[in-house]
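One structure coming up, written as structure tokens, with questions to follow.
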């Protein structure tokens, strides 16, 4: 008769659990990659729609390219974020995780990191597509684009993951997620658009740096706050 | 540390749970010694699921106290959760992953080493790469049993084990409950299959409108049911 | 306790005095002439909107910390009054902008910030109304309020860097001497009124929560079934 093993079981540290949740979400994302493709197509369509709103004017389009790119990314991000807790709720998986027990912080950071990875890829594609469509000539070093892209995506992903969990049980999730998330990420979007714009158009006064700082602060605040508040949100 | 014979695995006093203006569970006193198989019987809405979910710490009680493995669940939820397993009416799995992948994820999160394939074989599932979404309801049910077994709980809380299963599945659940007991696991089962389950359990309680109206040897629960609904 | 009625009356008195003083006795504003007199309404609204949001933030922390419905009802009162002040602020800003800048709306950082804050805090109230389970609703309200408030300074910094046209922040020191007393009196008037309205709404909300939360008496214990010998 085997002695019960769970008493001496060593539940991994929550950082290790975070990594495991991250991997799980990425695998899940890969299995359901048709949804990611749909997001990319949606974002691409948004880019086209913006150019129809402005008219076939390459100078104007190139001037505002940064804004169109980030708006497309933000709008399509809600498709990803609203899915994020649907897969957890569909078969009671989230409750299963909490009862294992998995630390709520691990669930939040794991899922937020996974959303960050997918969002960064999406934003990257949209950025390249937007620059191509709007004939943007890139002056700055590509790595500087990558860092702004990563910071901007992270700024959507942390509050977005928290609000995805918050709205997952509301009757009107598809509606409430953007209603709550969009006003919240305005500073982040502003900073990302400005910083990207300065990279495109050149930055003689060196203003891009302060926008990058704002992005970093926004991220620090909401990544920290999410970890603190998520436990409350999923508590029954 | 295995719970000694003197300290019950579950010790609930006046456990009550309210949903809005309705008491789903009203002052339930319950003591379950280690190794016992307890059957919970009751009509729909009598509070079976609420009782199991409260015992599992998935939801908290509105009133009353609950100690599991001698620990107060309000202060030691994490330690309690590490030692119990709940099989709820939802399979608690990811439908876009395969059976093996699901089990692997849960074991890794729990820090359990070793292959998971034996658990699939034990519940009669093939090791296949297809996502769970393609499984039938009965296969999904078997997978959630595998998930419970792989967790190696000391206390297993099982909500309607026979649901969605075919006759072969019924026999499989019978064996499985017997195996769990043989391994020293304390088992609490809620089921509508009274005639089947009463032969497998030691003791039964009969719930009616959130209250325990009868408790006694499991084999007599059918008679108690008849008296209640006469 | 009806203290808030007295406070509200005091608020009306202060507001009336401050406004009468500002409109009829204080000299016209140096740059803007009589249009500048909107400052006696606008600046107190702005200060107090932010102050009431700060109160809401404190109440939200209290709500999450203690899970008490008294904190929760204050939170609701403050957020509601904050949103109302915020909407007033937006309209006053537009009224002032038309004669001053020639347009109703300008993307000046403070005007933009107020618009964003309306969306943020209205979201808190909308989200609250979508949840019916009391515990869930309390947590959701608290969490969204905390997140919204933390965003206030960030939004303000961002919009300031983005575009700057507005005059420097008004405080009694930046306003010339004959104006600063009516301004102060008006500010306290708005503050008293805002707190009085919040208190009234908190009272109503508390009554509603208590009505909802009054536990029905537990059902009487039914007698245990007797099986009788067979």
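Order of writing sets the labels: A, B and C. Residues in every chain begin at 1.
Methods note: a contact is a pair of C-beta atoms (placed from the backbone, for glycine too) under 8 Å apart; a residue touches a chain by one contact, two chains touch by 3 or more.
Everything numeric here is computed off the predicted structure, so don't read it as measured data.
Chain centres defined as mean CA positions place A nearest to the mean of all protein CA atoms.
In this assembly, B is the chain whose CA centroid lies farthest from the centroid of chain A.
As a whole-number value, the distance joining the C-alpha centres of chain B and chain C reads 48 Å. Centroids built from CA atoms put chain B at 38 Å from chain A.
We define each chain's centre as the mean of its Cα atoms; on that basis chain A and chain C are separated by 31 Å. Not a single residue in chain B touches at least two other chains. Within chain A, contacts with two or more other chains are made by residues 236. Within the complex formed with chain C, the residues of chain A that make contact are 159, 162, 166-167, 169-172, 176, 179-180, 182-184, 186-187, 190-191, 194, 210-211, 214, 217-218, 221-222, 225, 229, 232-233, 235-236. Chain C contributes residues 64, 116, 119-120, 123, 126-127, 130-131, 135-136, 139-140, 142-144, 146-148, 150-151, 154-155, 157-159, 161-162 to its touches with chain A in the complex. Chain A contributes residues 1-7, 9-12, 17, 20-21, 24, 27-28, 31-32, 87, 90-93, 95-102, 236 to its touches with chain B in the complex.
Within the complex formed with chain A, the residues of chain B that make contact are 1-2, 56-60, 77-78, 81-86, 88, 90-97, 101, 105-106, 108-112, 131, 147, 151-154, 182-185.
Within the complex, the chain C residues that touch chain B are 212, 215-216, 218-219, 221-222, 224-227, 230.
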